[in-house]
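Shared between the two complexes below is chain A, which has chain B as its partner in the first and chain C in the second.
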Partner chain A sequence: MFLSRIVLRDLDSIDSPASMASSKKVVTRDEWERKLRDVKIRKEDMNRLVMNFLVTEGFVDAADKFRIESGTQPEIDLATITDRMEVKKAVQSGNVQEAIEKINDLNPTILDTNPQLYFHLQQQKLIELIRAGKISEALEFAQEELAPRGEENQTFLEEIEKTVALLVFEDVKNCPYGELLDVSQRLKTASEVNAAILTSQSHEKDPKLPSLLKMLLWTQNQLDEKVAYPRIDDFATAELKDPSI
Partner chain B sequence: MVANQEAEAGSPGAGTTVDPMRLASRWRCPTEWDRAAAELDAEPLPSELNTVNSSGLFAVVSTDKLSVRYLGSHNHGHDVGVVQANRPAPTRRPVYYFEMGVKNAGYKGQTSIGFTTDSFKMRRQPGWESNSCGYHGDDGHLYRGQGKGESFGPKFTSGDTIGAGINYLSQELFFTKNGSLVGAVPKDLKGPLYPTVAVHSQGEELTVNFGKEPFCFDIEGYILEEKMRQQSVTDKVKLEEPNISHWIVRSYLLHYGYQDTLNSFDLANATDPPASRQNGHREPPPEIYGLSHRKLLRQLIMSGDIDTTFKRLGEWYPQVIKDEKSVICFLLHSQRFIEYIRAEQLEDAVKYARANLASFLTHKAFEGLLKESVALLAYEKPAESCIGYLLDAPQREFVADAVNAAVLSTNPAMKDPESCLYSCLERLLRQLTVCSFERRTFNNDQGDAFLLHKEVRSCERSRR
Partner chain C sequence: MPATASGGARPEEAAAAPSASASAASCMGTRPEELTARLAASGPSPVAGCGGSGAGVGAGGEAAEHERVLVLREIKNQIIGNRTKKLLYLRLGAVPAVVAALAEPGSSPAALVQAAAAAGSFSCGVDDGARAVLAAGAVGHLTRLLAHPDEKVVDASARALRMIYQSKLAPKFDVNNGKNMDFVLSLLNSENENVTELAATIISHSCENSSEQLSLCSAGVPQKLVSLFGGSMNLRDACLDSVTAVIRNNREVASRFASTDHGKGFRSVVGLIHDRSPRTRLLACLCLIALGHASPCHFQDKQIKTKLIMVLLELMEEPDHVGDEAPLALTTLIKDSLELQKQALTTNAVEKLSNHLLANSLETKRAVTILLALSELCSKLEESRSQLMSAEVSTLILEALKHDWADIRVAACSCLKNISRSPKVLSGGRLSCDTVIGPLVQLLYDSSTSVQVAALGAICNIAVNLTPRKSVLLHSGVVSQLVHLSKSMDPTLRLKSVWALRNIMFLLSPKDKDFIVKELTLSTLSSLICDSEHFVQEQTLALVHNLVDGYVESANYVIGEDGMVIDAIARQLNNASALGVCIQGMFVLANIAAGNEMNKEAVMNVLLPHRPDRIKPSFVVNFLQSKDKQLRVATLWCLLNLIYPKCEASSGRVIRLQTAGVIQQVKSMINDPCLDCKLRVRMLLEHCVDNADDCFM
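Here is the complex of A and B:
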């Protein structure tokens, strides 16, 4: 017996707006718990979901331990996670040149096929030069490497203008584009790099679990419109809440 | 004592204690899993043209029931040669689609394709009557039950392949011509919808393809795109705690006693930039109970050392194996037996089974696993037999998970017995599955519903 379904009563009455106003059908806690028990979930599928999270989020050691402890095979070679995390870390700590070299070691086509990513890395490099106060180096780099790209692409040009503006302000706190110097800018570039590497490895760039949680929230909200049933509001405890009648 | 326990176990959801029978009910052989998955979404599909309900006066369906030719004389609007499929379009899927090939556009080229219902007048063009819809070849118009059509797409004629589909996700009907999407309109038809084609002048002849042949249109690509569009809708939902996934993964590792993984996970979280990763300010989950014991027990079972498992359980959690007729004892004994088989110690296996397993034969719930385990004896090479899966790691893991749950249930601080059986992650996934199926039921059974197995497999498929 599978997921016992509510017997379709009068479907038309469910569809018609008139019945929407009347009281919703209620599924009691007992009934709902029986349905929950009837669901068939494989342990190995849950393990794979957890492995997918560890791999995608870059928990290389944990993924390796999980492989041993649960016998779940990772979706990609774990060594590539280490490389990916090193690139990410390099960007996060401002070593953009190192990151670019590492990306090219990993797969030279990544930057070739992602002009936007390459531009953002170059932009980040300029930001780091400005942050370090290397003004003449920054100017040279902007003129030689970045300016030609601005000619190709209007969005790039605007980004270059914003970044170069940082040079003009002695106290960057007053600069309207000061947020470029923020850690969040590094994290943004780092996550862009991370996604590009994952994509190049034919791996989804986001872990599955968060989007399943969103799907749960969305589905619960949709079902709310039709029926009163025990919801889970706190995902951390996964406790059922009695249906409000 | 035994009878008492059985009675308790027999009533589902009984009392406050953990129902041990539910541990056993989790056990399932792989073929059973596959059958279960297939049954869930199984629906009869349209496979051929209906020769009983069609307008035999005006058209003739070929003997393979996959093509139709006009027979009438085309005197008026009520002598259309219209044919429905033998079954309505299935609904428990994201998209249904079929195609027709115009073999001969005949004298006037009035072939058409669309959807109609049970009560359709079988001498009219689809779209001419209310609650029907049709894309017509002679003018390229779409007819949706109104008196006249609306301009929609190109005309079509001999040699063209025309497709019609129902998108249950977006609630639209869509049409294709020679592999390209022509357009889509809101699906405002009610009731089971039959794939329908029609011919209406001398010489007109059509073939239909209900999926037996490859489609001209890339339907797989279309479905993938639609599903991604659907996902982008749900992805817009904001979770209250963006990092809740970390918490859930952590509690999963705790629940099953994957302690080494947990330690690495915690270490990485501690050293990484704090802004991006935080577990929030939460109490540690109750599953910390007996963590290192549970880890060791799991390791023992996963390595096949059941004797030591019994010994350790006797030292640490004697109450778990006190009742010799309990589910846990049965699972451990049957696993011990399986390990003898794996080690090819058949005589020991038989001896062990006589001493420890025979008494369980009277238990209904153990029957399946017990019978299959004992059957291993019958094969010269049991690993290659149809029950060889018993010798695989997942079977050990199944036993390890059961022992883990039993140990968790000895926690005096345990409030909710469910939490011994199911991790937080599993409860969320069960809720998602039920909600998704219920929602589909309210949606007239339309669309696909969430199944973890499908989801996990699809992300592996897309990688290839």
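Here is the complex of A and C:
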């Protein structure tokens, strides 16, 4: 919230004179940098933003080092990050049952209160069985475990149908629903798991930094229509590019 | 890896665990039947045989305990999230064995954690599961375990109790009992957030009546809950929900909450409507809405109310539960308040809701709640109605009428009902065309009663239409289905179908009125007048009222045919039925009394029957003494019509009325507080004098 407020305030101050002029107002690099210098951002706020990113994304070692170096306290117990990352890793490597059991050990209410997540984990389990070529096991699992979920929910039923369709094709990788076997499907499920665990720990499921960057991009686009100013095009370096006139 | 019976990987130690207590019945399988047997075998009774529980648990006891932890964990992992498995284990009778592990003094922390988690899961999402967990006495054991020295056991027990208290089947926690109140307070003061969250859940679940709310308020619970807003997001949400439960519909508690500490708690809640978490924003809005309804004088800030509307409209865009509930919260907020509906209109609520509806599938809970919010917005404001009647949205509403999902059909009917409150829309005839009437009439045949009721609501309003287009409705086959529904077992269906017939009957041509009576039959009409529900009786009499209104010959339906209908009316009036029934009954009689001599005599016989045993005074006197001015006016009109115009027969009736003490009663009403009554009384007495002149001089 901190950064965005500053950016918007700048937008305000530039907005009014620009709208009066018929052509775009030009802000030189010097002028711009002077304005930027006037904005005071507290170091601790920046650090908290970084810590929030590391914690949410699960970079536990980096978070710990950053804590020691910057003295920033993480919002949650770093040990819980390790648990969460283990669950995530289990899904990413296809060990769905292991992931389910770990989630239940962490907090048994998560899967009972998230039917959709539970279904996606079951679906992932079926996908892994199909990937491993365990056809009869896959069929049995689909019938016993997934079919009842499909009876409860129409959307689930459609998902089950797509997944089971994988069994029909010889060349599953190139069949219409082949993307289910893709690694991206595992990542999708893993990130859903990650979000659910974070929510159960009263933590926001998305880091703040990316949304701030999105806001910055949006603000620059808005500003582009009225002013020529030194833009940041490369977010990795945050280098100011001279305004083209 | 050991071979497994089914369902993927298992913890490796499952197969390796030796089972000292294993009897012949026990085996290492992980199928539900096998696990239930293993759990029973690892329970206290067999162990007591070989090692005994308590202090001296030997190696065999340890192994048995290990086995039990494994079994409990496996059962837990199978049932969490899985309704089918829960039902299966219930059938196998696993719940008492799971809860037994909680009761045993010798259970290890590991076993307690697993058993608590399993018990909590059984009570989630399956009513029979909750019943079984409660019957096995889990609440008592889990509550005791909240004082366990092991923090993990406390966490697990608190979570399990929370799951149990979220079930509607869980018993109320009697906070009026001092000891219980102390217990809740001790939970609220716990350092453990799982425990404080449990306290909030217990409060939300248990405070239903105002005495419980007052006790909680006097104990300072709302302030304590507000002080916990600073905790984690989940705790804050649970506390917000509890505050709402404590103040809901309770003026005193709400006003105390709003004024304690110069409104600190109130301001904290207001602050949360801008929280980062959408769920928190929604809960804060719901809390303020409850506060506003319970104690309007403490929540008059127009600005905050406008903010609430805007926040809720934004929340509609959020995924899942929050987005689904936001339109419902908006509906509750603006319900019955013209001011807030105007306010909502200025924030473009109709447009925003409609746009969301147009951009997304109808196949969602959100579409239902949005339609209901739109319906509420149209309940009073003409401008909202005309906005909603814009081409695109009205097409969508018509589409929703034919949707597969009953909830959507109900919501669409509700919209049409409120739009059709507009005389402008009605007289424009946009609703009385085949494209609307056709699907609505079709819904009268719906398999869902709530859809039928909703469709009847819309038809009722559209039927008031004064334009000649009423014939579209009449010839849509609606009458025969309404007649059919008026014989339904469901009283609401009877009420609404008769109501619709009443509105169709309003100002109809004699030919069309005859058509309806023929479809309905006089015998159905008489039985509806004597329906078991007074609101059906009232509507039926109103229907008769509309029938005889402006169509003198139709009185024959009422007094002819052996007087079936008028006898039914007489019976209701003599039985001193509900007020509405009496009023409508008197209007019918007044209308009939305006007819010819035969009609007047028929009415006269209802008012003052020729009976040998005239002990009971006429109900007319009672009606004239009624506190309700409408009933007095209706009765006075009836009397007036009976003695008008001046003629010999009228004079005879005056004498009969005089003998029965009716005129005496009328005379005493010369200064009736109701002007209308006063005027009729004077007219009546003048006529009496005129008639008497005729008679006696």
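The rule we apply is simple: the second predicted complex is superposed on the first by the 222 of 245 C-alpha atoms of A that agree within 3 Å, B and C clash if a C-alpha of one lies under 4 Å from a C-alpha of the other, contacts with A are read in each partner's own complex, and residues count from 1 in each chain.
Please note the rule applied: contacts are C-beta pairs under 8 Å (C-beta built on N, C-alpha and C of every residue); 3 or more make two chains touch, one makes a residue touch a chain.
This structure is a prediction, so every number in the text was calculated from the model and none was measured.
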Partner chain(s) touched by A:29 [first = chain B, second = chain C, both, neither]: neither
Chain B versus chain C as contact partner of A:204, first or second or both or neither: both
Partner chain(s) touched by A:241 [first = chain B, second = chain C, both, neither]: neither
Chain B versus chain C as contact partner of A:111, first or second or both or neither: second
Which of chain B and chain C A:46 touches, first, second, both or neither: first
Chain A residues touched - chain C or chain B, whichever exceeds: B
Interface residues of chain A shared between complexes with chain B and chain C: 202-204
Chain A residues within the chain C interface of the complex: 95-98, 100-101, 104, 107-109, 111-115, 118, 125, 129, 140-141, 144-145, 148, 152, 200-204
Contact set on chain B toward chain A in their complex: 12-13, 22, 28, 33, 36, 39-40, 190, 231, 233-235, 237, 239-241, 244-245, 247-249, 251-253, 256, 258-265, 267-268, 273, 275-276, 280, 282, 298, 302, 393-394, 397-398, 401, 416, 423-439, 441-442, 444-445, 450, 452-453, 455-456, 459-460, 462-464
Chain A contact footprint on chain C (complex, rising order): 6-11, 73, 76-77, 80-84, 117, 120-121, 124-125, 156, 159, 162-163, 232-235, 276-277
Chain A - residues contacting chain B, complex: 2-3, 5-6, 8, 11-12, 14, 27, 30, 32-37, 39-46, 48-50, 52-54, 59, 61-62, 64-66, 68-71, 75, 92, 183, 187, 202-204, 207-223, 226-227, 229, 232, 235-240
